[in-house]
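Every chain is named by a letter (A, B and C) in the order it is written, and numbering of its residues begins at 1.
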């Protein structure tokens, strides 16, 4: 689930770059981006895994479920991550699992982002009773222990796809994004250029999309990254309990099977260590990348 | 004061409503006869028991009654403390099973939440002292918070439990023992408790450290900090003020993180076969015991709501600004 | 007491080079003198006032001397400066309204601050009460949290705190900028009263509002682009300024009773030079109507008549 701690605190939110001169800040941002170690390292790791997930599977001879090898082999030249109880190649499973991880992160995080940002913008811009109602809604979903709720929902559904899982996750992890976006949008909405747009009769949606959102674009992007991470962790949790998608492979599923078939007791560490390591690496790299991005976009944080 | 708490309680009541309604609605949204399919899945060997169960559930679900009546019945039985009878462990009431598991979960959750919060905050504050420390603690914090709870549990169970043999890697107490207030039992309990606790503690720690570090930096750059330093106040006074002020949002952060940590505890228990709610839920899922599952979920919701409320009260006590505002504010 | 500043240079280190924000001002401040420090944004007045008490993160001391009552003030050494801070040099910051810890009762914060500076609160408490009364605050302000006070009350409290230890030099950094006109007057008068009662010996009042500072200052010093333009008794500056910048600055002030139709407000065309790579010679050269080749050489800050210093070749 999303760790709310790495959330860029709305009170220390990056200042919006001047909308007036887009050229210079953009070039400056690029300059700093290329020199920020956190950003570079984080991005490299993420891209590496993305590559593994996207590019590797077509090159693999066997599918993740194929039982063709001797069981419980430790990592070797032929089976980089060893094999399972049933002779399945763990590296194959890993590669396919990474692909599913990115998918869930994108979809789940994306859905949560869309919902959260919409609610946040509307609440922050409109204010008044709309804000009150949306706040109430946000607080309710926030307090609800969502992974537990997901357990219940997933337990009742017989079989479902990665898309459905992403949908469920997205529907439950948007609250803090809504809060963060709302407070930013609130402060922006009181600025003069928004008042001007309002007075000229521009419709609210246009104001939000054209004036407010672009000025928070870096903030929105960073929020999305955090939602991505949260979705990945939530999906892994669900898969681990056995409530994951019925088809396909995922890193959480690998760990689930490892525990189910006693890998812990048998000391078959190559079954459960790599998948968790993969998740930690991807999510951790995204978080660190996020910090780097914050430094790039927020000049005050840059070290001299 | 009344308004402040009134709103919070209203949100909690709404949440409870939502949770109960979700619980009630989900089985009815699934196609087919919910009871028959569940019973078939549970594959009870004893047909007499199956009959009794079916009748009971029928009454419980009241599928012959109009929907609103079913809903009402659900609430009524809830307030009577009747969460139903476990399918998997027939005829034990769900409430009994849950009550048996709760102490273990609480024993895991409370210490790890509280201790990780304090220690994490301390680390975060420490990180803000020097750039070198910051560059070590911060990435570590991020990696910890990115670690899936069950994976760290697996790592600890395997390395310290099985390979090194320092601690047991499964169960909540020795298999041969019975719960009792004896030293042997308590020692065994603690032995089995340590690894799950450590696992929960470490992951949660990361989040607090990062949050606190950010908050401290924010406070150290604030205007009151600047003023104090301009007047020559020593670093430790400035740091002390910054620390106290940074703790406040961390308290609210605790409330927000509660759902996550509870979920993490559930996963950790599963890895260690530790007999708390998490393990119970796993078995409920595996055995298609929906009453148990629903009961556990409701229980968790209630627990989280109560904890939230407690945190709200603590916050009011600790932050003077809130108290003052409620008493009338500026002259 | 006297403050002697000579050739003080403080630059800001940036990725693109050094911003020469404070480039060598030299002046003295006599005992009991209230000096108004005027100039537009970027003139270096804030840098100067900050340099005298606490260098900011990005400021780098480059050179120059500061001597207070015969003692060298180690502006380059943060730790050594602590002996001077609050006890001999103090500041009323620009952000006075948010200068107090929001979660601490004011009295408690003052006590902790004083104790940390080696002053026993018990000994100074009565004086604190007296001064609070002087500025029109009740004693029980000490039992309150900052958020319970209005903006004006917070301002006054901070003024009392900053001057509690009777510093030789007080820097009032734009203390009137955020206030309404009547409060501005009250604050200005309080500053004078502090000096008259010898709570502080001398004062530097940083402002961009010359018309206000004229009311209370003995002398006025005008800065431009990191350098001194002119320093003279207040009356002289207003009535007989010699530096072209000062003249134009005063001309751009609206006159009471004069309408727009009768006389247009004049400004000073152009803008101050960037200090990353400042122009050679007099920095006002580009905007000055009197400039010529001579101005390619930086004019020295000389005394053209008693107590009146100007840095301009054209000062008659």
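The criterion applied here is as follows: a contact is a pair of C-beta atoms (placed from the backbone, for glycine too) under 8 Å apart; a residue touches a chain by one contact, two chains touch by 3 or more.
Owing to the predicted nature of the structure, the values given are computational and were not obtained by experimental measurement.
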Whose Cα centre is nearest the centre of all Cα atoms in view? A
If you count the contact pairs for each chain pair, which pair has the most? A-B
Chain at maximum distance from chain C, centres defined as averaged CA atoms: B
CA centre of chain A versus CA centre of chain C: separation in Å? 50
What whole-number Å value describes the gap between the mean CA coordinates of chain B and chain C? 55
Rounded to the nearest whole Å, what is the centre-to-centre distance of chain A and chain B, using the mean of the C-alpha atoms as each centre? 22
What residues of chain B sit close enough to touch chain A in their complex? 10-12, 14-15, 18-19, 22-23, 26-27, 29-30, 131, 138-139, 142-143, 145-152, 154-155, 157-158, 162-163, 169, 206-208, 210-211, 214-215, 218, 249, 253, 255-260, 262-264, 266-267, 270-271, 281-282, 284-286, 290, 293-294, 296-297, 300-301, 304-305, 308
Using the touch definition up top, name the residues of chain A that touch chain B in the complex. 1-6, 9, 11-12, 136, 139-140, 142-149, 151-153, 155-158, 176, 229, 233, 236-237, 240-243, 252, 255, 258-259, 264-265, 267, 269, 272-273, 275-277, 279-280, 283-284, 286-288, 291, 303
Of all residues in chain C, those that touch chain B in their complex: 53-54, 81-87, 90-91, 93, 95, 98-105, 112-113, 116-117, 145, 147-150, 153, 158, 161-162
If you look only at chain B, which of its residues touch chain C in the complex? 222-224, 226-234, 237, 241, 244-245, 248, 319-321, 324-325, 329-331
